[in-house]
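One chain, chain A, links the two complexes that follow: it is found with chain B in the first and with chain C in the second.
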Partner chain A sequence: MASNSLKRDLLTILNSNQIRTGEIDRRLYSYDSSFLATRNSFIPDAVVFPHATHEVAAILKYASAQSIPVVPRGAGTGETGGCLACRGGIVLDLSPWNNVDEVDTSNMQAFVRPGVVHARFNRQLSDHGLFFPPDPGSSQMCTLGGMIANNSSGLRAVKYGTTENYVLGLRIVLASGEVITTGGVNSRAIKNVSGLNLTKLFVGSEGTLGVITRARLRLWPKPAAKGLVMATFRRLEDAPPVVQEVYRAGIMPSGVEILDGTAIRAVNMYRPETALPEVEAILLFEVDGSPPAVEWEGHQISNVAVKAGGKAEWSTDPQRMADLWRGRSLVAAAAARIRPDGTRIFAGEDISIPLDKVAQALREVHRLSAHYGITVVSFGHIGDGNIHTAPVIDIDSPEEVERADALVDAIHRLAIELNGSTTGEHGVGLVRSGYAAIEHGAALQAMQKIKHALDPQNIMNPGKIWP
Partner chain B sequence: MASNSLKRDLLTILNSNQIRTGEIDRRLYSYDSSFLATRNSFIPDAVVFPHATHEVAAILKYASAQSIPVVPRGAGTGETGGCLACRGGIVLDLSPWNNVDEVDTSNMQAFVRPGVVHARFNRQLSDHGLFFPPDPGSSQMCTLGGMIANNSSGLRAVKYGTTENYVLGLRIVLASGEVITTGGVNSRAIKNVSGLNLTKLFVGSEGTLGVITRARLRLWPKPAAKGLVMATFRRLEDAPPVVQEVYRAGIMPSGVEILDGTAIRAVNMYRPETALPEVEAILLFEVDGSPPAVEWEGHQISNVAVKAGGKAEWSTDPQRMADLWRGRSLVAAAAARIRPDGTRIFAGEDISIPLDKVAQALREVHRLSAHYGITVVSFGHIGDGNIHTAPVIDIDSPEEVERADALVDAIHRLAIELNGSTTGEHGVGLVRSGYAAIEHGAALQAMQKIKHALDPQNIMNPGKIWP
Partner chain C sequence: MHTSQLKQYLNKCVRCGQCRSVCPVFEVIKEEGAAPRGKVFISSMLLDGKLSHPGEAEHHLSLCLQCRRCSDQCPSGVPVHRIISSARTKLSRPLKQSILLDFILPSASIKQKAAQLLQTAEKWGLTDLANKAGMPLPGTKKTPHSKVSLADTIPSGITSKGTVAYFPGCAATYMLPGIAGACVNILSNHGWKVVIPQGFSCCGFPHTAAGSQKAKELKQKNQEIISTISTDTILTSCPSCNLALKETLAGQASPKDVVDITEFLVENNMEFNKTRQLNFKIAYHRPCHELTNYPRRLLEKLPGATIVPSKLESACCGGGGTFMLQHPSLSASILKPKIEAIKETGADILATTCPVCTMQLMQGLKESHVQVLHPLELRANALTGPPYEKT
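And now, the complex of A and B:
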């Protein structure tokens, strides 16, 4: 649409410093962290910076009347194109709206605005002996609004669950501009089974149902102690049964991570001094809780690993734990450097696999990697089967990009075939909408009915989730 | 509708032994555990016993075509009239459909049919070292289908969360007769953020959106040890800060229960040999985990309680723990016997209050109890603020019933006023739909839009949730 008339209309709602329509400004909002964004340019017609619910409401009411797409955006750290204006329209940059309105320590909850950065939030909570358990890798940048919209998680999800477990209520502007509060208008209750669970419906809805302008989050007491076990296995197939055996011992670690052979090689190439053992699998078990619990669980896990033929070391010393974590911490950066002309692309990178098929999935990914001649570095949250399979390619080679596309498609289909999902925590956005029909079958139409009921003109983040 | 033609139609779908239309048979389905059900008779036109998804689908397709209400029912242990055919129609008794199709121990999940009884399920899981954490008081009778439909919980919710945290996917028959599978058609993944979260929308929807015919549930490793702290406080107001202080110590007990003075007196009258101290509050902290964790946490909690002026005893001995639990175990039965002509009614019995207002709420309930001249026995899950305030009345006195109605209304309004909810775990059903508008405001219309999108003729459990 004509940028000038849009700007004029928006000026009736917002101040001029809350609106950007210049080309360079708009181009800055044409990408996120997805591989897709490096190959396409989705330039919005306008970018606005609302910082009140009534402003968002006025924008949505206007956009509904004019059938203009509206795309909510946090820090742009997403890997699916979820915050891109693939059909033009207005991007709502919610990242500057970053107040923590209140930390209610008595009731272990907080009221936050969408732009609060995850790591900053947890630093603030730390002073109160509390924490917000979901822990995405992009913690230093990503916003709580984005985490809620994507139902983000990270390595602690195995014990603590995903973002949805910690959202007690949301203030939401619907497509019509109407404002609702889910979880009870003035509620500070932890438990509430009154009415349909709109809160959890909106968590993970990727901005397709409305705009989150405030969230009531449940907090958790910070555990008194942590420990870390590193266990190495010559054969990949020996690792998953050890995870299962740890669970059978009644232990639920706060993180269970894997580096497979590809990830180990990547880290050793990137930082030779790390000197990870050249095995097929390294498992890292983080345990948390009271000091004696951590002690007991660390020993038990080490014993289980050794009994299964692995080697294990464990520690509660912060320095040594940081050393043992190093491989895992470096792997994302290391993957990008595995070849001089290589770039780690965010595509096919987030499969979720039942635990008893993780080894098979990783073997298959190795086979696909060889077949397509593209390195894939695999690591991630084996505890709940959510593996990051990161292709590394020369993005300037169209031929290689084409092969990568085929590889990514094969990885996604493999995940579904192994009773898994194409996405454990990163979301669908633009890049995985083609698999929604296979994953969900007839349920996809039920989702569409709900979408249509709440956003009949399809202005909220159109083109995402559904093909 | 004419019973004969309904029966004839149903016989085209089901065998005759799956259909009941006789008056006595239908009367058996005219009540649940709610007080409401003792004063009204909601007799369905037919009761059917489907035991296949395609049978449920055929019934719903027929009911949609004829605009006949359909009411799913489990064990009938609900306390809200949620499973009653308040507008006639067909009751689906799903309780005989009680197969555990599979326990997938490798992936810590189970596939169950709606009629599986909770306690039986956990006994079966115990052999695998696993458990299903939600733990309603009606465990010996209630069905998993009913628990999912109501998002049930119980005393362990404080640590483990409610039923919704353990539902990975559902097979659902929609009002149209269409069958969908949420959480991924063939998925056994633990983490999955693909698409709208229909699973969690259906959990707690009280049968208003469709019929659950199969559920994929997440299981948890059984903790190796348990311990119990009993702490007594002369002043009610001293109890909630102790709960907060325990959380601040980084401890999340698996249960935090309270008996207030009314509950203590009820238990001592009912079983004098229990000899509970006549104080204003007794707290019970259950902790679970590894043996040393339980040991450490039990000591810490005792110390916190004593420092706050309470008396504390704690144990890991099963016999002594059973003794300490006795008061809590007996309180539901004891409440009914607090006066010879008394009946504990299930009305106004499930408020959820922010922890920092629980003492105030209980004082207010005492005041209301005195004002209306009706005994209220109060106890429950103080850890998450979910208190059971149980009125005890002579149900044969119309005058007393009238006062009870006024008291129950006042308790519900009090809960909302104190930033709580009218229901923490029992649900809305028929009995609390009048408060939905106050609790949810404009969000209620959004819920209605979703309901209408999935059930345009309002055949699924009509008259529930919405006023």
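And now, the complex of A and C:
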């Protein structure tokens, strides 16, 4: 469709300051964090900034009538090309729509709009002694809408679970423009088993089934105390068994993270004040709860680590804990520091492995890295088997890019072979749809039937999840 | 920046979006084009010649205060602010702000005339008009900066400690001379002979930021002058001048120390036995380019003063050199929450080290009783000046 007529039509729904159709503005929405977006340019026909459910509904009604693809977008921090207009159409930038409508402290829930940034939300909740537990490494920038659409999680998923555990209800605009509220129209109940669980259907649907314009989220009381054990190991293979030992000791930490030698170097280069020891592996165990329990668990974990040949540092100093956690959170983007002419690419970065095969997976990734001659920085949520592998390459070398593609494919296949998944939290988007058939078998067709029922014209974020 | 280095930095951007969380401009204009990540993207498109209408990039590239928050926070080490200023040099026509900079800031005589003009404007009652136009006039009745003549002699009875060079910068020389006066006053009362080398040019910070070709010329001129100075230390009172001079001297054969005067005073424990009490509540504004805690430490040592914490002490004021002239309403939106937070503190005085911030904050506080002063002006006042009156 010519952009002039599209603009004219959109002007009947939105104000002119909510619509962008200029070349630069459209190009600015051609990327997210994925490596795919560095190599391709998926330029939408228009970008709009809706600020009300009825505006989104009118856009979708119009788009359905005209068969124009609609792509919801949060902060564009996704690593899968999920928010990109691979078939053109209208991008809805929902990130400026960032109101927290209500924090209902007595019922431990909040009502939010899609653009609220995760870290800001938790800062606001902190004043009420509450928190929203899922915590992606992208907390400072990603939106709650994006988190719900990707069913994001992060460093504390091992104890608290993923975003889906905290979504009580959603306001959704369907492809037709129809508006529904899942989890009970006026409900403020925490438990609810009446009817099919549509909330869970939309969580993790990556914008392919409808647009989230409001969410009812469950909150938890902030734990009274926290502590952090940093266990260091001279040999990488000594680290994974320690995690299992800690569980056997009857402890469920609130975070269990691993950094390999290259990840350690990257953190030290990004934040020298973190001063991590330069060893082959570091495990970070966060424990939270009542002060005596935190102390006891911290010491038990330290003992387990030392017995396994490691060294342990126990800290309850908020500054030290924040530094270590922050260093770990942003290593995803800091990985490129280890090679002056290198770029960290977000590709093959999110495998999820059964706990008893994590050590094997890490070994295999190192072998693949040597085989393809590409440095891979490994780190991640070892407590639940979700490992991030970050290839660092010269993106200007076509030959190196080709090797990286082969490496990424091998990493994805490795995850499936080890009875794991190609993605633990980042999602499928455009980059992993090729593995959907082998991961899901006949279930894939069932998914496609649901998609067709809700979006018969396939206007909602087409090209994602399914090939 | 060299093209190959620029390319390497551009490749380092993984588009993680971390910089979206810190940019004062993006805080107001919540669109990708105002986010640092977006400006890096536009810069790379411009440099690669991928834009069919490169002129359209001018607007987006002008949406940057050069506060450097993005570069400081970038996990991948991308010097975003430098990429933006490099891209500005590639625009087919220079940013409007750089035209102003190229003609006014490097020339002492024009600056002198501009300062006189501003004073005449005040006499003719043009202040309000200028304020309404978003261009606050320094030296107006809301400004308590006294006009102090620069004395380079040590008062009698004080033992000489040696000589230091002082780089006052454009603002403290022409627009807020009270700052330069206070510096010389304090240093000479400590026994330092202060020299202000002849011919110092603008530090070049605004030119580099705007992508003006003039930056190189100014840098060279200052390098030449500095090479003739016999002292090892060059003192500054403006954080942006301090950064610019450090960058000017980096890699020079015999580099000199560029030290902020507040650091010089605090680190050398220079305190006065006899000073007047300053019974004021003082709030502090930390300029974006102020990388140390010394100005605040100096304030904490002021006799009698109470330093009141402000919620947004380190938030950007939206001044950004000529940014406030080019984007007056955006600049005012960035400033607004800051002013509210300052008023909430109940402070009588707002102390800050950057002259641009001073002018911007004076504008924001013009309806209030709060005076905006450099910590050194307060220090000098406690030492020798007439008592300030609360307005």
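Assume the second predicted complex is superposed on the first by the 435 of 467 C-alpha atoms of A that agree within 3 Å, B and C clash if a C-alpha of one lies under 4 Å from a C-alpha of the other, contacts with A are read in each partner's own complex, and residues count from 1 in each chain.
The working rule: contacts are C-beta pairs under 8 Å (C-beta built on N, C-alpha and C of every residue); 3 or more make two chains touch, one makes a residue touch a chain.
Computed from a prediction, not measured in an experiment: that's the story for all the values here.
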Worksheet item: Looking at the overlay, what does A:His440 touch: chain B (first), chain C (second), both, or neither?
Response: first
Discussion item. I'd like to know which partner A:Glu273 touches here: chain B for first, chain C for second, both or neither.
Written reply: neither
Practice prompt. Give one of first, second, both or neither to describe whether A:Asp127 is in contact with chain B, with chain C, with both, or with none.
Written response: neither
Worksheet item: Touching A:Leu196 in the superposition: chain B (first), chain C (second), both, neither?
Response: first
Discussion item. Residues of chain A touched by chain B versus by chain C: which partner has the larger set?
Written reply: B
Discussion item. Tell me the contact category for A:Asp396 with respect to chain B and chain C: first, second, both or neither.
Written reply: second
Worksheet item: Where on chain B is chain A touching in the complex?
Response: 104, 106-108, 129, 150-151, 153, 157, 161-162, 164-165, 174, 178-182, 184-198, 200-201, 203-205, 208-209, 220-224, 244, 247-252, 289-293, 295-297, 300, 352-356, 381, 384-386, 416, 419-428, 432, 435-436, 438-447, 449-454, 465
Fill in: Interfacial residue positions of chain A with respect to chain C in the complex
20, 22-25, 27-29, 31-33, 37-38, 49, 75-77, 93, 95-96, 98, 115, 117, 119, 138, 140-142, 269-270, 330-334, 336-337, 340-341, 343-346, 395-396
Worksheet item: Considering the complex alone, what residue numbers of chain C touch chain A?
Response: 7-8, 11-12, 14-18, 20-21, 30-33, 38, 41-42, 45, 51-53, 56-57, 60, 74-77
